[in-house]
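Note that chain A is present in both complexes that follow, paired respectively with chain B and with chain C.
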Partner chain A sequence: MIRITDLSHNLGTSRVLHGIDLTIPKGQITALIGPNGAGKSTLLSLIARLDTPLSGRIDVDELQVGACPTDVLARRLAILPQTPEIAPRLSVAELVGFGRYPHHKGRPTPEDRARVSDAIALLSLDGLAHRSLDTLSGGQRQRALLAMTVAQDTDYLLLDEPLNNLDIAASRSLMTLLRRLCEDFGRTVVVVLHDINYASRYADWKILSTPSCPLGSRAGAMQLVWR
Partner chain B sequence: MFARRLTFLAAGLGLSCLGYMTIGSRGGWDFLLPFRGTRLAALLLVAVAVSTSTILFQTIARNRILTPSIMGFDALYLLILSVSVFLLGGAGLSETSALARFLVSLGLLIVASVGLFGTLLLQRREDVMRMLLTGVVLATLFRSLSSLIARMIDPNEYSTIQVASYARFSRIETDLLGLSAVLILGVVGIAWRMRHRLDILALGRDAAINLGENPRRRTIEVLILVAVLVAVSTAFVGPIAFLGLLVVSLAHLVTPTGSHGTLLVSSSLIAGIALVGGQTVLERVLGLSTPLAVLIDLLGGLVFLILVLKGARR
Partner chain C sequence: MSRRLIAPLALVTLSILSLFVGVTEIGTGDVLRDPEARALMLTSRLPRLFAVLITGASLAIAGAIMQMLVRNRFVEPMTVGTGQGAALGVLIVTIAAPGAPLLVQMTLAAATAFGTSLGFLAIAHRMPPSQPFLVALVGLIYGGIIGAGVTFVAYQADLLQYIDIWTNGEFSGILQGRYETLWLAAAVAGLAYLAADQFSILGMGRTVSIGLGLNYGQVMLFGLAAVSLVSAMTVTIVGMIPFVGLVVPNIVSRIMGDDLRRTLPQIALSGAVLVLGADILARVLRAPYEMPVGTVLGIMGAALFLWLLYRPAPRVR
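And then the complex of A and B:
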């Protein structure tokens, strides 16, 4: 369970999140939906400690974000940022291998290697494992990054617009995969989506931010909608 | 990875060292070993220091154009040295106080570089061209201040600074060899132990945090390591502007990988070949018609131009 208490954050001088209280349930898919600039990505990056919030508190199970050791949190929670800047000369297998770093700290065991090939197979990247990232298409690269996040083997997965660059077939198979991760492996998935159709079809919970009650306003807080 | 290529490089370095020790020698080994041996050791230490500091700096700056010397690290060291000569006097210093001055300059360089380059590198928005410009401006500023001081002090004392301000490979200050060896090998050892963390840092800030690293703290640690390496190698052979850029670019060509374990080894070997081999060929075979520093800066400068023209692509 991710519990967010009275969270506020500024980007530059403008208030993006304003006193948000929110609980994201465990073992389910929660979709964040809303217009551009509603603060969805900001919320994810605060949960994943990529930014330090202005005020408020975030707890992931018993770990308080920002207070607990960052490498402990890395075994509990993984994020796929919206525009990850990744060294282009890595091969897919190397990139996915980095996902295991929180567990092996640079000395991969056979189990780590097995997890990496599992993740590669799960995202159907077998044929591409030894290609370097800059020779891949946008969608293939997106899947490689997702495989890295999956290989990190965390209870919580935060995905910022993972459907970017994916065609309809790939989008559907990715969302199906997220459901499998959630139902078969008990992972908790928080995903930013733009397409409300995908959210209604695949997500258990939807957090909506609409112009009348945006994420940033206190009045609107956030609406948690059961599917 | 790349075991065969690394073996070839090691063999090349071995040959260079052999050539450096034997070609054109007339004395016996009891003369050669202390005479050429100390200088060979100094050259090898400088090679490791320059290549390691460049790799470390490029990883935390996340690009392949910037190097410590382009960012003005060695100019900053010379400025600190000039100021200390200006304040304390230089020519008449005894050996112990020369050592003390080296250590004080080293300490100041660490503080100043963490302050200056730390603030620059820890900004959220990283912009290579702005970093490059800042580096060039800083380096020029440090050099101008050094030459201002040079005009203000006693000419005899200026000679102390002058010796330090130009790259030189044939006359090497071997007085500090023992201490420098300890410092360089210690820092290189730390860098080697950090190699997996460096791999993660090279992925970028967000990815590093996601994988449980602390980029902020590591950046400062790495800057300290770089400052030590630059101070020692500058004290040895003076500033060599483009050596680091040259050997690290070559290392990326010979061993194209993101693994710092491999890159640290290959770039050190290449730097050793460039310095020892180059010095052997120039000094012994061609009779020292061209200083090695000129040649290295010429080649390194070309690499720099090519990299800039190709764009700041990583």
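And then the complex of A and C:
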């Protein structure tokens, strides 16, 4: 369970999050939906310790984000990066291999290699394992990145707009895969989505922010979550 | 498989060749019979060979690390201010404390190199990642400004001829007893190899680094320290050697990719081969006179770099 208590954050001088209290349940898919600038990605990056919140606290199970060592949190929680950030020339297998870094710290064991091939198989990347990332299509690259976060083998998976560069078929297969991760492997998934249809079809919980009731307002915070 | 043997074979061949190229003719048999030839080997030829190999390997590694830290393929320590920073440090010691021992020179050189590299990193991280050439260009200008500052100070202090020793690298002054600290550079490069995975992850950006539990700032500083130390030791003992840190990591990355744990040994090997080849050329071209190896590498490196820019990237490995 991810517990967010009285969380506030500014981007520049404007307040994006204002005293948020939220509980994200374990073993289910929670979708954050809403228009641009509503603070969804900000919330995600605060949970993933990419930014330090202005005030408030976030707990992932018994670990307090920001207070516990970052490598300990990396074995509990993974975040899917946005695709354009990845520049190096790596093969898919090498990229997915780096997902095991929090566990092996530079000395991969046979167990790590097994997890890597599991993740590659789960995302049906077998045929592409030795292709270089810069030769893949946007959708394939997205799958390779997701395979890396899956290989990280964490209870929690955070995904920031994973459907961004995908067509309808790829989007549906990705969401189906998230359902599998959650139902068959007991992972907790928190995903930022733009499309309410995907949210209502695949997510267990939705956290909605609208202009009249943004994440940033205290009044809205209580009625945000519904099943 | 046969491709993988090219670099080691070239290294062994060139190393042997290097031992028998010089003003004094030495045959293979002489080393066994003639005690004077043996002495020459031990005091001059072998130290020179070691210095060349260490310099080439560690500068190539430093270049690869720097490219990961900056996330840009077109930067290398000797052009973007690290080498110039080291020269500045040596110059300051020379003016302030003329008789200071080599270790003091080197320490201050490493410190100033660290400072100027930190400055470059701060500039580079504020620039749009979509414009890789802009970062490289700004790096060249930044390094050029510091280099100009070094020249100006040296001019004022009447040390112009002196700074040539550090800005134009060459190995003719390498003798037994005058290069051994370079082994420290080799040690630092070896130490950096232990963190190869962390540098590769750093090359994937901040989100991935933190997501995988890396202490982002700490790894960045460690990488910068390694690059600065290697550059400072090379500059104080050999002088600035351009292009190795740029060309070698780029060529290896084209062929083998960017997984540093796999590629760093190859990068080190290729860097050693390149500098050794250039050093032999520098000794042979105008024999019995020598050219600075930096000049030879400048020409070779520029040609290699143009080839690199215009050659289409291999699509499938």
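Definition applied: the second predicted complex is superposed on the first by the 217 of 227 C-alpha atoms of A that agree within 3 Å, B and C clash if a C-alpha of one lies under 4 Å from a C-alpha of the other, contacts with A are read in each partner's own complex, and residues count from 1 in each chain.
One rule holds in what follows: a residue touches a chain if its C-beta (ideal position, glycine included) is under 8 Å from a C-beta of that chain, and two chains touch if they have at least 3 such contacts.
Since the model is a prediction, treat every value here as computed from it, not as a measurement.
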item	value
Three-chain arrangement built on chain A, chain B and chain C clash or fit	clash
First, second, both or neither for A:R75, with chain B first and chain C second	both
Which superposed partner A:T135 touches (first chain B, second chain C, both, neither)	second
Residues of chain A at both interfaces, chain B in one complex, chain C in the other	48-50, 70-75, 78-79, 81, 85-90, 94, 98-99, 101-102, 105-106, 152
Contact footprint of chain B on chain A as seen in their complex	45, 48-50, 70-75, 78-79, 81, 84-90, 94, 98-99, 101-102, 105-107, 152
Chain C-touching residues of chain A, taken from the complex the two chains share	48-50, 70-75, 78-79, 81-82, 85-91, 94, 98-99, 101-102, 105-106, 130-132, 134-135, 149, 152
Chain C to chain A touching residues, read off their complex	68, 71, 129, 194-198, 200-201, 203-208, 210-215, 253-254, 257-259, 261-262, 313, 315-317
Chain B residues touching chain A - in the complex, by the definition given at the top	195-197, 199-200, 202-207, 209-214, 256-258, 314
